[in-house]
Amino acid sequence: MTGLSVSAVTIERGERPLFAPLTFNTDAGALVRVTGENGAGKTTLLRALAGLTSVASGSIQWLSAPSAHYIGAKRVFIGHSNAMNDSLSPYENLAFASGVAGKSVTRAEVRAALARTGVAALIDRRVGSLSQGQKKRVALARLFLPGNETAAWLLDEPFVALDVATQALLAGHIEATLAEGRIVVLTSHQRVDIRATNAIEVTLSAIKAPERLVANEVQA
Amino acid sequence: MARTEQQSNDRFNGKWFWRYASPAAFYPVAGTIEKLCWFLAISLTIVGLYIGFFRAPTDATQGEVYRVIYIHVPAAWMAMVIYLAMAFWCAIGLAFGTRLSFMMSHALAPTGAIMAAISLWTGALWGRPTWGTYWVWDARLTSTLILFFLYVGYIALAAAFDDKKKGDRASALIALIGAVNVPIIYFSVQWWNTLHQGASVRPGGSSMATIMLTAMMIMAFAFWAYCIAVAMNRLRTQIIERERSAAWIQSSVRK
Amino acid sequence: MSLRVAAQAVFRREITLFARRRSDWANPLMFFLIVTSIFPFAVGSESERLRLIGIGVLFVGALLAAMLALPRLFDEDAKDGSLEHLLTSPEPLAVLILARVAAISLALALPLALATPAFALFYALPSEVASILALTVVLAVPTLILIGAIASALLVAARGGAILTAVLVLPLTIPTLIFGAGAALKVLSGESPAAELALQAAYFLFALALCPLAAAAALRISTD
């Protein structure tokens, strides 16, 4: 069980802060919706949570109970791009993604993961020949690769390019993973219903001029 | 007793020695250094060139042509010294994240490149009457040419980033890689030169009259002062450009 | 254990890509062939003259051909987002980069080195010179890819990548050029190339030790 503590975080792009210092805390099994206008830094915040971008000040801490088997707070980040090579098949892409993280997977495990988003039949097609929606579904299948130690899902606009049925399917998967104690941080312009007992909304306000240092709202 | 994994970036709060690492604090200091160095550069150049051109005797073997060493040798030295200084500031910048170090390195680079170019140019001018050709693949000339490429690479890389901060760190890394490689390149060029039987005449020669040496040393100091003055000037311009949104600029920079 | 899994995953993916997209290694080879075959038009076809420039042309040609593969290192991955897998991996990034460099070097150095003795026929070079040249190309190509890894990692986030890569990489390949071509020249004049080969190998080992770490740092800087 892993909690997340974000305290007074600022992130800079081109020597300018994106948003006012951000602070929020969550326990295991919490849903964090990140909202804000375009350019407020939603994607950058997710990348920082994934460890892809460094913070200018403040700290991001993944807290884990001492008794738990701790191997670093493993996070799965799915960004705007699907992070797949067009010349490879979904199987090869997913096996690579898992392998690079240090865990080899069997073909059956990849097929099972693809089945969770309904694209098991595409396992050997070239990714380049798939539609946008199919690519997104293959990319999302990364969430279901073996790895019980995964502490958090970081999803940047996961519902884009998905049809309504698949959106509902994904929402169901998110509810299930929350129930298993993972943290889910997501940005979305679509208002997809996700039932969560523990949900917070983090609103980022873009800084346009230095004097507009207003505090970010965090609503429970 | 939770285990934590964190990113944090507030390392240097409240340490006195970081005071001058802040562009705001260093800006006026740089101005003073600049003025002092301009004064030194101009007066030393006058003295050095006077001794070199009017007091030092004509060289027995090379005639008047040898007098180019009063420009050539200091320029060649500065080309090397400035690269080392640049690499030093880049290392400091990467290690401690101080913006001023990167600015210092950016301020030095064009001067270093110009020094390498001057040394190549004057070397060619000296080579024409002495070797009978403008360019010889002499080990020193060749190494200076490669050093010039390293400067060009650094400057081009720093300019290729829209995000200044990234450009700072990226160009600093390449400067360090270059600095590590410079001795290897020098050695390999030396090796190549002996393999291919290069020219062995060098500017200056081994036995220099004391007065020639005096003039050359004075010119070397003049070049030092000039390089520092120009670098400080460029540094101040950069500080203003990069910190233009900061409040201190409004109050302390009037003109 | 998991480090080996990760390095293998990187290596296998690159080899799969090379096997699937043959142009990735065939185009550099084609470039090498064309570059080496147009030089005689500029300098004349007397075999004495060709023998003099042949070593240099072949060696530089092979290096320039290998340069063409540098965008394969990180550019494509940065565009499609796959780079995130390397960057978020818990395993050391330098090792993953080394695995990728190894795969690309293998897929590139081998064809270029095999082609070198054949193209040496254009320049009337004796067979013992041609074979030592192939050996030095085998050492030079991975050295160039290692150095190139730093430059391409830095240029992932910059403008004007291709030309700037050449400006940054080629000066640093001068030592391997000097020692590699020098070894072949020694053989041409009937001497032992041992010293040059040892120095070229030393520069390769130096690059092998340093470049993956520097490239990892570079990648962190440019993707931050």
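List of remarks:
When the chains are written out, they are named A, B and C in that same order, and each has its own residue count from 1.
To be clear about the criterion, a residue touches a chain if its C-beta (ideal position, glycine included) is under 8 Å from a C-beta of that chain, and two chains touch if they have at least 3 such contacts.
All values reported here derive from a predicted model rather than from experimental measurement.
Contact tally for A-B versus A-C: the pair with more C-beta pairs in contact is A-C. Ranked by how close its mean Cα position lies to the mean of all protein Cα atoms, the top chain is C. Rounded to whole angstrom units, the spacing between the C-alpha centres of chain B and chain C is 31. Centroids of chain A and chain B (each the mean of its C-alpha atoms) stand 47 Å apart.
Centre-to-centre separation of chain A and chain C, using mean CA positions: 37 Å.
Counting partners per residue, chain A has 51, 54, 72 as the residues that reach two or more other chains. With touch defined as above, residues shared between interfaces to two or more other chains in chain C number as follows: 224.
Of all residues in chain B, those that touch two or more other chains are 162-163. Chain B contributes residues 1-10, 162-165, 242, 245 to its touches with chain A in the complex.
Remark: chain C residues 2-3, 5-6, 8-10, 12-13, 16-17, 20-21, 76-77, 79-91, 96, 223-224 touch chain A in the complex. Residues of chain C that touch chain B in their complex: 150-151, 154-155, 157-160, 164, 167-168, 170-172, 174-175, 178-179, 182, 185, 199, 203, 206, 210, 214, 217-218, 221-222, 224. Across the interface of their complex, chain B is touched by residues 3, 12-15, 48, 51, 54-66, 70, 72-73, 210 of chain A. Taken together, the chain A residues at the contact with chain C in this complex read 50-54, 71-72, 74-75, 77, 79-88, 92-93, 95-104.
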